[in-house]
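In this document, chain identifiers A, B, C and D correspond to the written order of the chains, with residue numbering beginning at 1 in each.
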Amino acid sequence: MISLPSYLFISFLLFVAGMFVMIARKNIVAILLGIELILNSAALNFVAYTKFVNNNLDGHIMSLFIIVIAAAEAAVGLAIVIRFYQLRESVHIDDATQLQS
Amino acid sequence: MNSTIVSYLSQFEGYQKFVSMASSFLGSNASGYITFLVFFLGAFVIVNVMALIGGLGTYAERKISADLQMRQGPNRVGPYGILQFLADGVKMIMKEDIIPSASDKFMFTLAPLLALLGVLATFAVIPFSSGLMLSDLNVGVFYLIGVSSLVGVGVFLAGYSSNSKWSMLGGMRGASQIISYEVPVTLSILSIVLLAGGMSFGTLVNAQSGFPHEWFILHNPFTFIGFFVYFIGALAETNRAPFDLPEAESELVSGYHTEYTGMRFAFFALAEYMEVFVVCGVAAALFLGGYKVPFDLGDGAFFTHTLHLPEFIGKNIGQVLELGSFFTKTLVLYYIVIWIRWTLPRLRVDQLMTLCWKYLTPIALFNLVGCAFWMYYFEGKSLYVLLFKSAAHAAGAGH
Amino acid sequence: MFEQILFLLSATATIGFTVAVVGTNNLMHACMYLLGTLFGVAGLYATIGADFLAATQIVVYAGGVVILMLFAIMLTGGAEDKKNRFGIEKIPSMGSTKTYIVAGASVLIIAMIVLKMTANIHTANKDLAVASTGNESTVFNIGSLLLTDHILAFEISSILLLGALVGAAIIARPKRN
Amino acid sequence: MASHGLDVYMPIIILMAFAVIMIVGALLVGRILRPHNPNALKESAYECGEEPIGIAWSNFNVRFYVVSLIFIIFDVEGALMFPVAAVFKKFASIGLGAPVFASFVLFILILFSGVIYCWKKGDFDWVKSYRIPSSK
């Protein structure tokens, strides 16, 4: 039961859900939330392949750095959202049409 | 060797016999079920004992504060009022459960659950003794840091979901305070991990020994400062006075649990008192030798070999001594926490942030570098060993 | 036995909470469901023997990213539902029918492509599943790898974090005028 | 008995289940015991006896975000440093203490420069660091 395809399937579901959230939502914070789901699915894939295919720990290192980058991305992304909100009083993605405030 | 409660029990013949008996009774290998049963019973006992300690904590708090202020304290229910917490519990459960109509009901229910979940899940790795440790995770301390940060989410949610201004202010303050002080706490734990060479509580405790000079607090000057950094940070993380800004009565009514009544409020209080025990236990395990007993009495070899007691009894006497050692250290720290609460005035928010980011975090980083240097330069030998060696060397040279 | 139970619990939590994240229309609730998903993924890591990654997932996500997101939601008007001075809804609805249709269609296309690409992995499963070994701790191996093979990535990640810290602080800090 | 590797996670699941059971059980038991007669006044938010004005889910100061930002950077830093700290002893015992110490300290120094930056920019001064952002 616990085999590579089961992990890949969960990872696939996470990816699809993240994709759906990213496209369907209009709130920038919700879009960042979808990105977190996608990054998680990628990290899960790395660990699953590491376990079932090549059995060294490089996939773990990769997932560790994915988590690091996800945290950095969330920090910077949410900072941009907050700045955007201060300027335009909105977190609607369609309002973000100008590069300069 | 992972020293969980199951591996401790499985070294006795009776347990093995019981497992094989159950296996033949069930017709299949029963060790999995027995393991589950042992863990379940162990977790049940630990949760109940901790809830009792949490309850007694409220009693102790009131009694000690009364003592410090030359009052009587609770003295009606039971001898010396010791059953006061039961009366409080009964009162809490009889109280009407009010959910504010403007609140977010789902979050309002979720918040105490997260706070309690964050505390209860840490009990899995607390080393009560070498045998009574539910699971010796390889990432023990790291796991504990992660799970206990759920309490911060719970506090924030409690403040958010109530839709009351006092609660919201308390929740924001509480969450930012908890996450801020997690930084110096993590860094001081990191320096101990560096010296012990492992993250599991088994490794961390076994790197120390029974006597104070073998504890990590007296290992080198950096860990000595690190203990105080950890302790101050842990005080702030549990929202205890002098860091009780999230629930500052004189400013925020009751902070993040202003709108909570009855059992929901009781769970926040219980989670807080249990978390105080957890951070005191971690301080005892990391810095004060944990469950170690002087002269290695804890492993029971003395009782079986010198006093010729049966192995089962000898080992269990050792375990009881270890439990006593751990609980003594933890409860002394618990007393100090209460003592500090009733002695020091509350900080202001800006002082809180200044203390965390301008003092504790740089000090903790400096400690970490210092411990790394100590590890590299002195190969991790403790100050005592170094001094003793140099003294012996000087004495040898003198002759 | 317990391996299966842990896997089933984690997988159920992951999938269930992910569906909830997709389904809910309340951003705060979505954040909480995301917390559940992340815990489920941590459980999945635990079942593959990646104990350190499971703990990292809990520390970084449960303690860090989720709180950061909750703060950001509060700082961008919380759940308050009103129009701003441009007449735009301050907090937009989580999506409209149009976006749901577009998202559904693109997800379906991606799903078909991915399933087509990975169709043979199910048949190749027999060769793949043999490589799994015991569940020894990964902490020391990860530490050793970080200090030997991946030392450059380790150091550069600190520069990345420094950049993220400085950049995000500059962006979020209100300008003094 | 050779305990299976994943058994160490069993107590965590059990304890989490206990937490859920405690909350649900107490609320269910309480439902039988306690009175239940709500009214609008009881269910309104507490504002010292006044009628609540508006709702509380409003904007907060950005300082909270900057603090949590610094926290998450340190959290991730901790996640990277924990395994390195755990193997430090092993590397030191085989005579590789110096390079490991150097890379470890370099890592800390790079991050500490970020702390110094935020310190200098006044992100840690809770009171006087910001004016209220003026709405244009």
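Following the convention adopted for this analysis, a contact is a pair of C-beta atoms (placed from the backbone, for glycine too) under 8 Å apart; a residue touches a chain by one contact, two chains touch by 3 or more.
Values in this document were obtained by computation on a predicted structure and should not be read as measured data.
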Centroid-based (C-alpha) most distant chain relative to chain C: B
Most central chain, Cα average position: D
Chain pair with the higher count of C-beta pairs in contact (B-D, C-D): B-D
Centroid spacing, where centroids are CA-atom means, of chain B and chain D in whole angstrom: 17
Whole-Å separation of chain centres (CA-atom averages), chain A against chain D: 20
Between chain B and chain C, centroid-to-centroid distance (C-alpha), Å: 29
In chain B, residues with contacts to at least two other chains: 32, 35-36, 137, 139, 142, 145, 160, 172, 175-176, 179, 182, 198-199
Residues within chain A bordering two or more other chains: 64, 67-68, 71-72, 74-75, 78-79, 82, 86
Residues of chain C touching at least two other chains: 2-3, 47, 49, 52, 56, 59-60, 63-65, 67-68, 71-72, 74-79, 138-139, 142, 146, 157, 161, 164-165, 168-169, 172, 174
Chain contact topology (line, ring, star, complete or other): other
Which chain pairs touch, all of them: A-C, A-D, B-C, B-D, C-D
Residue numbers on chain C that touch chain D, as the complex places them: 2-3, 6, 9, 43, 46-47, 49, 52, 56, 59-60, 63-65, 67-68, 71-72, 74-80, 134-136, 139-140, 142-144, 146-147, 151, 154-155, 157-159, 161-162, 164-166, 168-169, 172-177
Chain B contact footprint on chain D (complex, rising order): 1, 3-4, 7-12, 14-16, 18-20, 22-23, 26-27, 29-31, 33-38, 40, 42-48, 52, 55-57, 60, 64, 67-68, 70-71, 74-75, 78-79, 81-82, 85-90, 92-93, 97-98, 100-101, 104-105, 108, 112, 115, 118-119, 124-127
Touch list for chain A against partner chain D, complex: 64, 67-68, 71-72, 74-75, 78-79, 82, 86
Interfacial residue positions of chain C with respect to chain A in the complex: 3-4, 7, 11, 14-15, 18-19, 21-22, 27, 30-31, 34, 37-38, 41, 44-45, 47-50, 52-53, 56-57, 60-61, 64-65, 68-69, 71-73, 75-77, 84-86, 88-96, 99-100, 102-104, 106-107, 110-111, 114-115, 118, 121-122, 125, 128-129, 131-133, 138, 141-142, 145-146, 149-150, 153, 157, 160-161, 163-165, 167-169, 171-172, 174
Touching residues (chain side chain D, partner chain A) in the complex: 62, 65, 69, 72-73, 75-76, 79-80, 133
